[in-house]
Structure formats: structure tokens, C-alpha cells
Amino acid sequence: MGKVLEVNNLTIHIKTHKGIVQAVRGVSFYLNEQETLAVVGESGSGKSITMKGVMGILPKNAKIVSGNVMFGGDDLTKYTERQMQAVRGSDIAMIFQDPMTSLNPTMKVGQQIEEMLKEHKKDMSAEQRKTRAVELLALVGISNPEARYKQYPHHLSGGMRQRVVIAIALACDPKVLIADEPTTALDVTIQSQILDLMRELQKKIKTSIIIITHNLGVVANVADRVAVMYGGKLAETANVEDIFHNPKHEYTKGLLESIPKAQEKGHELKAIPGTPPDLMEPPKGCPFAARCKETLVVCQNYIPEYYECGENHKSACWLLDQRAKRGVSTDEE
Amino acid sequence: MNKSDIDISMFQKAKVSASEKEHIAAPASTVLADAWVRLRKNKAAVVALFILIAIILLAVFAPIFSQYSFSATDYENSYGAPNAAHIFGTDQFGRDLWVRTWMGTRISLMIALVAAILDLVVGVLYGAVSALMGGKVDVVMQRIIEILVGIPHLIIVILFLMAFPAGVGTIIAALSITGWVNMARLVRAEILKLKNQEFVLASQTLGTSKFQIILKDLIPNTVSVIVINVMFTIPNAIFTEAFLSFIGIGLAEPQASLGVLINSGYQVLRNYTHVLVFPAMVIVLIMVCFSILGDGLRDALDPQMRK
Amino acid sequence: GFTGDDNSKTESTEKGGEASGEKETSGEVLSVATNAEVKTLVQWAASEESAFTVNNQVQEGLFRMDADNKPQPALCDTYEVSDDKLVYTFHLRDGIQWSNGESITANDFVFAWLKQMGTEATNGYSFIMNDYIVNAQEYSEGTAKAEDVGAKAVDDQTFEVTLKSPTPYFINLTTMVMFFPVNEKFYTEQGDKYALAPENMLYSGPYTITEYDPSVGVTLAKNDKYWDKDNVQIADAKIRVVKDAAAALSAYQAGELSQVQLDSSNVTANQDNPEFGNEIDFRTTYIQFNLTDPVVGNVNMRKAIAMAIDRTALTKNILADGSAPGTGLIADGMAGDGTKTFRELNGEVTSFDPAKAKEYYDKAAEELGSAPSEVTMLVADDSVTKAVATFLQSELEKNLGLKMVIDTKTAQGRGELMDANNYQMGLTAWGADYDDAMTYLDLWTNGTPYRGNYADDTYNSLIADAKSQTDDTARLQDMLQAEKKLVEEDVVVSPVYHRGSATLTKSNVQNLITHPIGVPIELKYASFK
Amino acid sequence: MLKYVAKRLVYIVFTLWIIVTCTFFMMKNLPGTPFDAERFSIMTPAQQKQVLEMYGLNDPLPVQYVKYMKNIIHGDLGTSFTYVNKDVADVISGRLGPSALIGIQAVLLGLAVGLILGILAAWKHNSGIDYFTMILAVLGVSVPNFVAAALLQYFIGLKWGILPVGFWTNWDCSVLPSIALSFSATAMVARFMRTEMLDVLDQDYIVTARAKGISQMKVLMRHAARNSVLPVVTILGPVVVNLMTGSLAVENIFSIPGIGSLFVDCIKANDYPVIMGITIFYAAFYMLVVLLIDLVYSVIDPRIRLAKGKEDES
Amino acid sequence: MKNNEKESLLDVKNLKKYFQVGKKQTLKAVDDVTLQIYRGETLGLVGESGCGKSTFGRTVIHLYEPTAGTVTFDGIHIDKSMDLKQRHDLSKRMQMIFQDPYASLNPRRKILDIVAEGIDAHRLASGKKERTEMVIDLLETVGLHAEHADRFPHEFSGGQRQRVGIARALALNPDFIVCDEPISALDVSIQAQVVNLLEELQRKRNFTYLFIAHDLSMVKHISNRIGVMYLGSLVELADSEELFRNPMHPYTKALLSAIPIPDPKIEKNRQRIMLEGSLPNPINLGEECKFASRCDQCGSYCKKSQPVLKEVKPGHFVACSKCQ
């Protein structure tokens, strides 16, 4: 399995009237062929911005400060806008969170799909495009695609709209599909349909998928590997089983514990107290230090590095340091 | 970072206070202080504000401290070009334009002020009530607006000027009749959007009265629309007054507004440019400053502010 | 007549040039401007100068003013006056024709004149016939029949007019638009459409109308049925509506107008321009005092006000367009005894004397019990009038310490207020209808609120005497006395200025005549160099 | 849809009736009479009576009103007092052409320039272009249109001789007045467009569009501009009406026989039938334009359902 | 558990709330719902998005005028005939916590004023000082600090905002609180904070909750009983344990099976009940059972009439002809 996409040490700053938000602070990860990588983490931890950085669609006030995005041997951050346009959609496609707002309300659904084809498959005739669009609608499981083709987004239900968004993303058989919270706005019943659909399509089209989500259930359902983000940094990455059954980072642990479990009914949930850090003035040490149960002095002062904890398993937590184990043990003495 | 720097002693449990967990970075401040801080960051707005203050000060004090009265004529010196004695020159009657310009500014600003206040009070309330009441009340209120817009403004103004002596008060009263209509419409549209927002419902469930909801929940959230519209109302009022003097039924001499001055300056534009240039510059300056300041204020008053 | 407040003045010529701005080949179209719309061309409905101007180019009466403002026979060839100076017999020219080829007959005059006397006349000019012609007034009031009126067609070419009393200036009157003929048959055919469009009119004058839009103006073409067509030099002309003075000057400079009237601000800059010209109108702007008002009802107060106004400063510095100080009610240059003008004969009946004004003012204050806190001047809303009012305001303030409020109303509004006796002082104007002092003096005999409620027996008998006098000198004496009484003694009115007009005329245009009375402009004699 | 239009039309007729009634009675109180007081006072009593009768002014006011309403229902607007013997409809329609042409051109110009400026400003938010456009927009509303008109006339018409200085003979004549009139519309459109665009550019579907890899220009024009222009269209309604019903100042300066100067003249001259005619025309036109804009809006924006949605927001 | 022994606080009978959309179309957002909520309990309400949960909640506390049916709160009939004062008093006893922590706080007001809104509306504080003290008290109750009172909502994180919303509702010390998806917009780790807080408050003050949510596992955690809604109707109502153990309505079954389980081993091999067919248009519903179009076990009788809620087991109600 080769790596299709590799992000190294990506740092993104966003300028606001109040100051600079260090939204992404040296994030590195990779994506293997036909693999599904789930990115989870607190809201505001920089998941979306990272992916927008990869796609080159950052908001105007955001800037990649350092790092690179390797795709097919090239560094995408060095690409010009025009070169990026060729990559976007055709090689890397993206799906956004809210199906209600991510379609242009004044454009017919079919047109919105065709727009993609027009841009990247220049040799297609108008008829071919239409056929392809209808085909795509059918592919994502929309019944009566010919009729839907001519409708406006507001005629469709949320689930259908999200399918259309997926159809657009898939129009040019991208090598990488980035799905940013594709099911958050949907019902559980529809959510499971969409997830099934994505899994199915991955088999058919053979793409690699990055899926961003808050929902650990969804992660368990689709992911091969998981990256956990916190405070603009990667806290932990591991294979999905390891994350759920052998988490190393305190944040990951806390996250898993705060999910209600059937057997614990009547008990208080194990919440992580406190609020996430303000990325305008990120803490000087570990971003999670303020909320962590096991905070060490070092956590408050130094950013932890990544510790290898197994195959594909890295975690940025001082507790994994040899000295911490000793420190803890001295404590116990 | 160098690993070896880290002392082993640092690997000890740290104490984390509860308040740090609920930490909010920026210091707290009052609404106005906060807005002021934000406004100060906007250089253009600050400059505009200072120019406006300067204009207002000049309008208030320049006539008082000048050796000339705004109505004193000097027929030997009609259409005098700007010079040391008359900084802005003189008009047809040899009256000092420096004083007249600032007197005119005074009146125009007064008209603008009243128009703006009216807009803010009547227009905003009318729009808010119409939107919040909805149903039949709304339909009737909207028809009233249509009727007000439909009756030619000029007829109303002339009737007013006929019934009362032509003066600042009459002009303001005449302008007031329909000046607020646009604001009412805009505010209404905005509030229709807002009225089903959850925070409005929340106020309702708390038993807050409709009036309080309008005042505390709805209107503050339409500030940006209101500010933008006031920015249009002010020039509108000033220019409507100027238009009245253009068709000859504006202020009576020797009083003059900027509109009157510009109008008379326009008529002698060919040969005595200075008569037009100074009042025109002041009016343009006022408008530009109001606009920039308005934009700045809108941003400053908006706690969430666009990025 | 009713120049009231409208400063409309019609003037200008264009050396050809289509309005599109193509460069005209010189000598093609003469283009003059009027600042008011030509709202109607029906001669007994039109009361505005713009309409008079147009009608004067396309119609003609018994006489037409020449370049020296003397009436010359036009449609009339010769005429006789009876010894008692009461019966005028006019012999029409041979072969005079309407533009459709029908001949112009004495009946056409009778028809038109009766219309002007009749109830349909809405221009308010009926008095100009009723005052002179036998039974005209009675006809107007419906008590006399048409046959009894002293205007009769003896035959097709002979037209006989009988006057009530000797009227030395009657021939002058016949140059006026109201006295022009109208073809009855054609009129009846057209019905309501009469004079609405060029094809709804017949023409008897030097030009015919080819295009007419009230708000745009008229396009004229030489009338080839006109008896004196050989002396009409210019074939095409335009009278254009330009309401804005500055715009008119632009149009002139762009070559779209052949003549333009300058407002005061442009006079200084253009005074040395060879194209510059200057004329004075027989038109007086004056203050009308309301004698029933407690304050200005006091004659000393009126005298004070009248003397506190430096009219020379006004005309020199403010108006600066050749207007003359209003030293009397009768305009400068109007006829007197033949050698001297009326003005020269009567001298200054009102003058500027601040010291004396103050004296009168103090006296008035004493009589009134206290000095008035303020007085109000009712003015119309055009810019010249307002400038004059502003001047008056500052003069009263300066010379009397009297505060004057300017009450600006629309022209109609001002008229109505004055008519309703609802004013203190009004700034108003009167333009001569004919070159005789009577055109002014006659106005103050009826005692209406509009004329300040002035009802004075001495004055009225002076006027009545003048009207019935057959002796020209005695008549003149009466009128000189009357003016003195009205202006100097009783100060019912206080003349302010006589309007002048400063113009620029393109150098290739000559003989574009401007009359000081009635119809200001005359295209007939104009030509291109 | 039809039913909706019908309902709106009923409203319009009703409102119009109230407007006509109010205007009728207010107008009768305008200072002065349709005749010069000076002139009227010297008419003979017979003439005075005849004149009053001719203009229908000798009836008591309520009778005049009823008569007038009857005539209106029969489509008869009456005869002008000052344009002797001319039907009001003719007087108005004669003046409509120039005003409409100039107005439409001004609207189109204002829309085109305003949209471009607004889009540019939003696109380059907080850049030099943004500030520049906004200052232009501010100047657009800050300079009185008669001053702008006079300057245009002097420089473009007279000094440089590019376009006619005035009069109404062919199309050239309409250019400068249209430009003079368009300034405030331009400013307004630019400002609203910019604000609206900034909102739209923040929308998710813009990000979606960008993620498709289509060019910035296409994102801007096809996705952002189109969705921002709709609200601008709504605010444009009154602007269109005002521009198309003429501007006294610009008409006078360029010697254009438009409806703006007709209206002011007639008010000053108390030409009641024409005043009423213009009022009816103006009010009806205004309301119809608003209705039309609502309809167009619902056609362009598929989300809006006429029956309910739009009524609330107009 | 024997529900009938408990004291019923809120009695909803045949509640209907229709919306007029378009000319003649009605949207039956809540269609004939009958249920009781007992004092001190938490009733969970789940269902697809748009099925009428919020509308139900809002109608119950009289934000909306019901189209038909009655709501009785603690013996008081809530309807149009109430005068202003009654209504005002009632607002003191019934409160609501809103779904969206961002939209439910007025962005232009400070936390102090937001929380004090109820205090002001009911004049509970005698002076400015007391008002501030009360607000600080409330803030501390929900785990915020006095210094937060001077802030604007946008300075807070979602979880903090939701706590502000809770503080605002608590200000009036109500008996009954409608929690309209109070946690849906929050992060997983923050959700737990809020749920803990709600539970703690319930223990301390004996609140009664109507807890509306999508997230079934959370609902299960917090609720004593759960109602399942589908297109405006209540299709199943049971004790929460019972519902999860023994779901009867096919829709409930599908819903439960669709909950993703945060464990890859289980999740990857799980069987779900897939709902085929499409959601009927909620605007013009026919005679048949609303779920018929998506139900795989529906028989001919399901096409004929709407099933009504029946108690099939003590405390377990189902509206399905098949199951009854």
C-alpha cells in the first residue's frame, strides 16, 4: 500500500481583527491507498482548516505558514491557483458538513454536478455530461435520478442533498475524498445509509477517504486508521482498534469515556471538564494540559513530542515518556 | 526544544485550578468601552470621527468667533475671491462665505440629525412592530407605508411650507413625514428574519413583554442594517432640503443650509467657483466621514464582527 | 402685462445647428431660447411671454413693431382716424393670405377680437379691449350683442373700430398678440384641437410652425404665403425651452443657441465680449404695501422703507445685468411728451436717503407707539426675486435697523395671499403692455387688496381725467401727477428696479431685435452675416 | 401564482384609491388657484364664472371628488388646465418617453457599474480596491446630482465637446443625463452588493464550489454574484421608479422634456388634473414595479414561494 | 415501575399542531399526541429530524397555539383563554432550553442581562445589586464564574453557552423544563458536561424534563421513559430500558439498529435494519399508516387506517397494528 497523500508539519495561521489564530500547528499525517482515515477531535481543533489547507481552499485571511502537502510526488502548497484548480475536484474532492447549505440554492442539482465535469472533463459533450450526471445520481442511490436532475436543492431532503454533494465529489473519480463531517446534520437512519454508501463507493471507485467526524460510532464504523486532533495539533494516530481499545493519549481516553455506556446507566458520565484552549494564545505546553487529569508540570511548559506506541500508533503525551513513568512511581513512593 | 533541557522534576503532577479550565482569554469590558476599543483600531473610522468632530466644532464656533455676521452684506465686495479677510471668499451680497458655510453646516447637520433620530425612532419602531405583530396589523401598516410613499412628497412639503413659515423647523417637519419609511421597511424585513430565532423564543418563554423583546432582542440585532440605512438617510435629508431650495421653496434668506449654498454656488459655477467649492467640499466631507464612521461603528458595535 | 414675478425672458438665436450638435454650416437655423414652456398657443388663453413670442413670429396683427419699437403697418395697409379720434378704419393689404392660401379678411379680426372679449378668454387680457372699444365691456358681461361692439368688418378688406375715448396709443395696442386675427372657419373645424399641433393652426405671420412641443419649443419655417416674405431673411428658426440659465449659456457656447441671456454672475466676465449686448425692459419690480396693515399702513413707515433702499447698489452689484434703479414706477425710456421720456419729465419720485429714511422711521415708530419688531415681505420663489428680497432685507436692517422676514411662496401662492389681503408687503412686478404710462397707473384705481387696497379719490379722478382727455399735454400732466401721488406722496408702492437684460449674440447674427414691451423678441428682421 | 397576483392587484387598486383620495384633497389645499390671482382678478365676472365652470371648480369639493372618481373609473383623467385643451394622458405620455429612457439607462448603468464595483470590493475585501470602491460609492451619494450634472455638462459637453450639452433630439442627448442620474444608483448598488456578497462568500456552497476546482471567476460570477444580486434587486425597486419618473434638476440642466419638471411645474401652477394624473401614474407604477420585482425574484430564486414567503419580506 | 402511582405534572391530550403552508396545504407537525409526564421524571423524545419534536415541545409550553387538544400543567389548563397574567405566571414554572447554543443567546447582550432576563420579566430582584448577585449565583450553579457575567455570548464555547442557557432557565426556578436538543450541537466531551449538569440539577431541585434529542444513547442515559415520534405522531412510548430491550414498532427497531456503536469490532459486523422506501410528504398525508411506505412488514390493514397508541404491556405503548 503506497501513500497517496502525505501532510508534513502543516502550520496554518488565520488573521483576525483580534489577532492571529494558530489554527493548525504542525500537523503531519499520511493517507494510504484505498484507506479510510478518520480525523476526530474537539470542535475548533483545526480539523477543517487542515483539510482546507490540503485542498488549497483556505479562507482569504488564512495562510499556510510552513509544512507541505505531498500528493503524487508534488508539493501542493507550492502549486499556483490554476494548478490547484486542476487538482481540486478531479484528484482530491471534498464533501462538507451541512447538506442544507453546501449546495448553491439557485442552481439546479444537475447543473451543479455537471459544473464539475465541465471543468475537469473538457472532452465530454453536453449529452455525455448529462448522462454521467444522471448516472452519478443513481450511483449515490437517488431514486428517479432524471427527475431529480432538474430539481433545485430545496426540493430535496437533507439526506438526498448530502447524496448529491457526494455525487459531485465523486464525479471525476478522485483519488482522495475528504469528507468533512458528512453526516453530522443527518439522522441516525440516514447517517447509516450514507456511511454504507461511502463504504460501497470506496470499493467501486477505489479511492482513499479522509473522514472528519465527532461521532466515535461513525469512526468505529468506517475507519481503518484514526487521527485525533486537539488544540491545533495531532494528539494521537493509530489503527482504529488501537484507538478504541488501547488509547494512549489522555484526551483520547477522556473522549471515549464521555460516551454513555449502557451498563453505566444511572451513573454520572465521565465528562472532560473545562473548555478547549484558545488558539489565539495557545498554551505553551500541551494544549490538553489544562483539562487533563494527569497533568504534569512538564505538560504545562513543554509541547510533548510523538511517542511510538506500536504499529502505526503515535501519541503526543508526556505521560508516555520514560521519565514520567518514573516520576509517577516516585510519586507513589 | 531540546529534550535534555527538561528536568526530571518537571514530571510531577501539576495543580490545575478549576477557573483555569473555564478560562476565557480576553479581558472583560463594557459594551461601549469594547466598541470604542474596536473602533479605535479602525484608522479610517477614527480619522473620519475626528474630521466630523472638527466640522461640528467649526459649525458651532466658527460663526461665533468670526468678525463677520452671516447676514452682513458688503455690496462693494460681491463674489470676492478667497483672501486673507474672507477665507472662503464672499457671495453675491458680499457676505462672508466662511461664516455662511459653517452656519449652513449647522443647519444641515441639524436636519441630518433630526432625520436620523426620526429614522431611528419612528422608522425602527414602526418596522419592528409591524414585523413582530404580523398578520392583519402588519398588512395594514404596510399599506399605510405604501400610501405614504405613493402620495407625492412635493405636495406634502409645499402644503407644509404654505401652512407654516419657511424655516428649518418646517422643512424638518415636512421631511419627517416620509423620511422614515425606508427604515421601517428594512427593519421589518430584518426582524421577520430574526423573529423566529431561538433567542427571541427564549425571551418569550421567560415571559418578557413584546415591547421589551423589540427593544432588547430585535433592534440591537438589526444594528448593521440600521446603521447602513442611516448612512443613506442623512445624505437624503440633506439633499431633499437642497432640492427644495433648488426648486425655490427651501429656507428663507438670510438663513442658509449647505444645500442652499451649493445651489446658489452651482448657479455661478462658471465664474465664481469658490462659491460652490467650499460648501460642496464640506458636504462631501461630511458624507464621506459619516459613511466611513458608520461602517466602522457597525463593525465596532457588533460583538461577533465579521472576520 | 402680468409679468408678476416670472422673470421669464425670451431671447437668443442660434446660428443654425441641429441640436444634435453637429457643426452647423453657418447661416442655417436661428435658434433662440425661452426659459418657460410654451404651454398653449391659443391667443386668448396664453398669458406667458414664451407663448407671445411664438405667436408673434407666426401671426401678425394690423401693425407690427419695427426695430425702433414704432408700430408699422402690417396686415393693415392704410388707416384713417375720425376727427374725434374715436373711429379707426383699417384697410387691409391686398392679397394677404393664411398659410393655407385662404385670404385674411376683416372678419377674421372681428372673430378673434370678440373671442378675446368673450367668456372663453382665460388669459385675463380682455381689459385691453374692453377698456377702449365701444360696448366691449358690455359684450364681455353679456349685456351687449356682438353686432353692437365697436369692431366691425365693413367689407372683407375694411375693418372699423370705434373707441370709447381718444386713445393716442391705440395703434400700439394692435401689435399685441390679443389683436391678431383668427380664421373662424378653420377654428370651428378644429374644435378642441385648435392650436394643439402645427397642423391645427393657420399662420398669418413671417413663419409657420413645423414642430411644436410645449416643453421643447417650436421649430419655425419661413411662411411663403406671408405678404412680406421677401424681407424675411432667415428660413429656419427655433425657439427652444431652456429652463436653466447656466445650461442656456452652455448651449450658447456649444453653438446650439444663437443668443443667450446672461444672469448677473456672468455679466462681468462677458462685458468685454464683442457679442455682449444690453437692453432695458419696460418693466418695473416694486414693493406693494398693504395699506390696511397696521405697520405699513403708516405712510411714514412706507416712506422710511422706500428711502432706505439703495437701488443703485442693487442694480450695480447684485443684478449687474443692465437693470436700472427704480427711481419711479414708470420705466426708463417710456414715452413722455415726444421729446423727453416720462421719467425725464417726472424725475426721481423715489430716492435713497438713509438719513431721511431713519427720520421717517422714528416718526413712524412714534406714531405707532413702538418700532415694529419685524416686517414680512412676500416673495415668489424664483432666484432673482429672492436675491432682490435678500438685498432689501439687508438694506432695511442696515439703514433702519428693521428686521425683514422673507416669506417665499410659489408664484401662485404669493398671488393668492395677496389677493386674499393676507400680506404685509409683496414684491411684485408689472411689465408695460404698451408704451404709455397708463399701462401702469391704471392699475391702482380699483382698490383691490392685490393693489394694496389703495382707494384714493384724487388719484382716481386724475386717472379718469387723463383717460377722457383729448389734449395730449393735459393728459400727460395728469399722469405725471398721478405717479407722484402714488409713489412719492402716498408711497403705495415703492419701485425697486427696471429689468434689464444682458445678452450674448453670436457675431454672425444681426438685427435680432428685442422689444422692451409686450413681445420681447422679433425674428422677422434678423439675418445672418 | 395567478391568484397571488390577483390578490396583490386588488391591494394595489385599493391602495391607489386611498392615495388618489388623499392627494385629491391635499392638492386642493395647495397655495393658489390654477390661475394667476392677478389675472383672475381682472377677468370679467362672466369670464370668471366660465373659467371655474370649465375647470369644474365651482362645485363643492365632495362633488368635485365624486365627479373625478367617476371619470377615472371610465379611464378619463381630464384635461390639463395649463396645457389648454390637452388631455392629461397626452401631456403625461408625451413627457414619459425621455424620462423613461434616461431612467432606464441610468438604472442599467448604475446596476452594471455598481455590481462590478460591489463584486470587486467584496472579492478584494479590505484591500485597496475595496476602499477605493467604497469611497467612490460614498462620493456617489455625497455629490448632489445637479452639481454632478452641471459638471458633466460643462466638461464633457462643452469643454471637450464629446456629447451634446443638452436638448432632446437624438439618443446622444440622453447619455450625459443618464450618467448624472446613475451616480446615486451606482453607489447604492455597489454598497448593497458588497455587503450581500461578503455574506454570500461566507456561505458553505461557495466553499463547495471552490472545492470543485472551478476558476475563481466562475465561483464569483456563477455562484456568489447571482445569489447576492437578488436582494439587490429588491432594494432596487424604489430606485427604478424614482429614476424613471424623472428628476427635475437633471431635466432642467439638460433641457429635457421629462416628467420630473412637468410635475414640479404643475404643482407650482396648480394644474390639478395633471398633478392627479402623475400621482396615479407614479403610485401605480411604483406598486407594479414592486410586484414585478417580487415576481421576478420568485422566478430567479427557486426557494421563494410566492403565495406565502415573499409577501412577508417585501 | 408503576407509572400510575406517580403524580402526573403535565397532561397532554390529543395535541395537534398544524401549520398552514401555502394556500390550502396543512402540515401536521404534531398530530394527535397524548402523553403524560410525571413529576420528577425525564421523558425522552426521539425521532427523525422534522418529525415534530420541537413543535411538540414548543406547543406544550405554549410558544405555539395548539390547533387542537389540551395541555394541562399541574391542574392548569393551558390555552387561549388564559389571561396575560396567568400566562406570565406560567412562564415562571415552565421553561425551555434550546437546541442551538449559538442561536439561542442574543449576541448583543451580556451574559448578565441574558441570565437576568427572567428575573427582570418577573421582577424577582429588588435592586441592581440583588439582580447581579442572583445571576452570579446561577452562573456558579452551572459551573461558570462571576467574571463571566460581563461577557458576550460569542466569547464562550458551545458548552459554556449551553450552560448559560440552562442558567437562564433556572433563574425562574421552574418545575418543568423542555430541553430541546440541548446537546446536539455540542462536542462529545462537552455533551457529557451538560448532561451531568442537568442530572445534578434534577436531583437537587426535583425538576421534570422533557428531553428531546437525536442521540439515542444519550437519551437512554438520561431518561426514565422514552417516546418515539414519527411524522408528528407518537409511535412508541416505554420505559427506557424496556424500549431498548424490547422495541416493538418497526421504526423504533430501525432507529435503534442504526445507532453506530463506538467499538469497531462490534460495529463492523453489525446487522442493521435498513429502511427502504422514502419518507412520505408530510404535507398531505393519506389514510394509511404513516410508516407504511417504509415498513417491510406492513399488511393490507396498515393501508386502511392510522394505528393508535395502545398499551401492549404495562407502561409500554405502541402505535402499530402489527404489534398490538
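Chains: A, B, C, D and E, in written order; residue numbering restarts at 1 for each.
What we mean here is this: a contact is a pair of C-beta atoms (placed from the backbone, for glycine too) under 8 Å apart; a residue touches a chain by one contact, two chains touch by 3 or more.
The UniProt protein names, listed by chain, are A = ABC transporter ATP-binding protein; B = Diguanylate cyclase; D = Peptide ABC transporter permease; E = Oligopeptide ABC transporter ATP-binding protein OppF.
All of these numbers come straight from a predicted model, not from anything done at the bench.
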Other chains in touch with both chain A and chain C: B, D
Partner chains that chain B and chain C have in common: D
Between the pairs A-B and C-D, the one where more C-beta pairs touch: C-D
Chain C and chain D: spacing of chain centres that average the CA atoms, whole Å: 39
Between chain E and chain B, distance of the C-alpha-averaged centres to the nearest whole Å: 46
Whole-Å separation of chain centres (CA-atom averages), chain A against chain E: 31
Chain B and chain D, separation of their C-alpha mean positions in angstrom: 24
Residues of chain D touching at least two other chains: 30-31, 150, 154, 267-268
Overlap residues in chain C, where contacts from two or more other chains coincide: 246, 381, 409-410, 413
Residue numbers of chain E (touch at least two other chains): 160
Residues of chain B that touch chain E when the two form their complex: 19, 22, 24, 26, 28-31, 197-199, 201-209, 212, 216-217, 220-221, 223, 303-304
Contacting residues of chain D [partner chain B, same complex]: 11, 14-16, 18-19, 22-23, 26-27, 29-31, 131, 134-135, 137-139, 141-144, 146-147, 150, 154, 188, 191, 195, 198, 202, 238, 248-249, 263-264, 267-268, 275, 278-279, 282-283, 286-287, 312-313
Residue ranges of chain D touching chain C (in the complex, touch as defined): 30-33, 35-47, 49-51, 54, 82-86, 94-95, 150, 153-154, 157-158, 161, 163-170, 172-173, 252-255, 257, 261-262, 265, 267-270
For the chain C and chain D complex, residues of the former touching the latter: 2, 4, 18-21, 37, 39-40, 42, 45-47, 118-124, 126-127, 130, 137, 140-142, 192-196, 213-216, 240-244, 246-247, 250-251, 253-254, 256, 381, 409-419, 428, 448, 450
Sites on chain B touched by chain C in the complex: 71-73, 75-76, 78-79, 92-94, 158, 161-162, 165-166, 247-250, 252-254, 264, 266-272
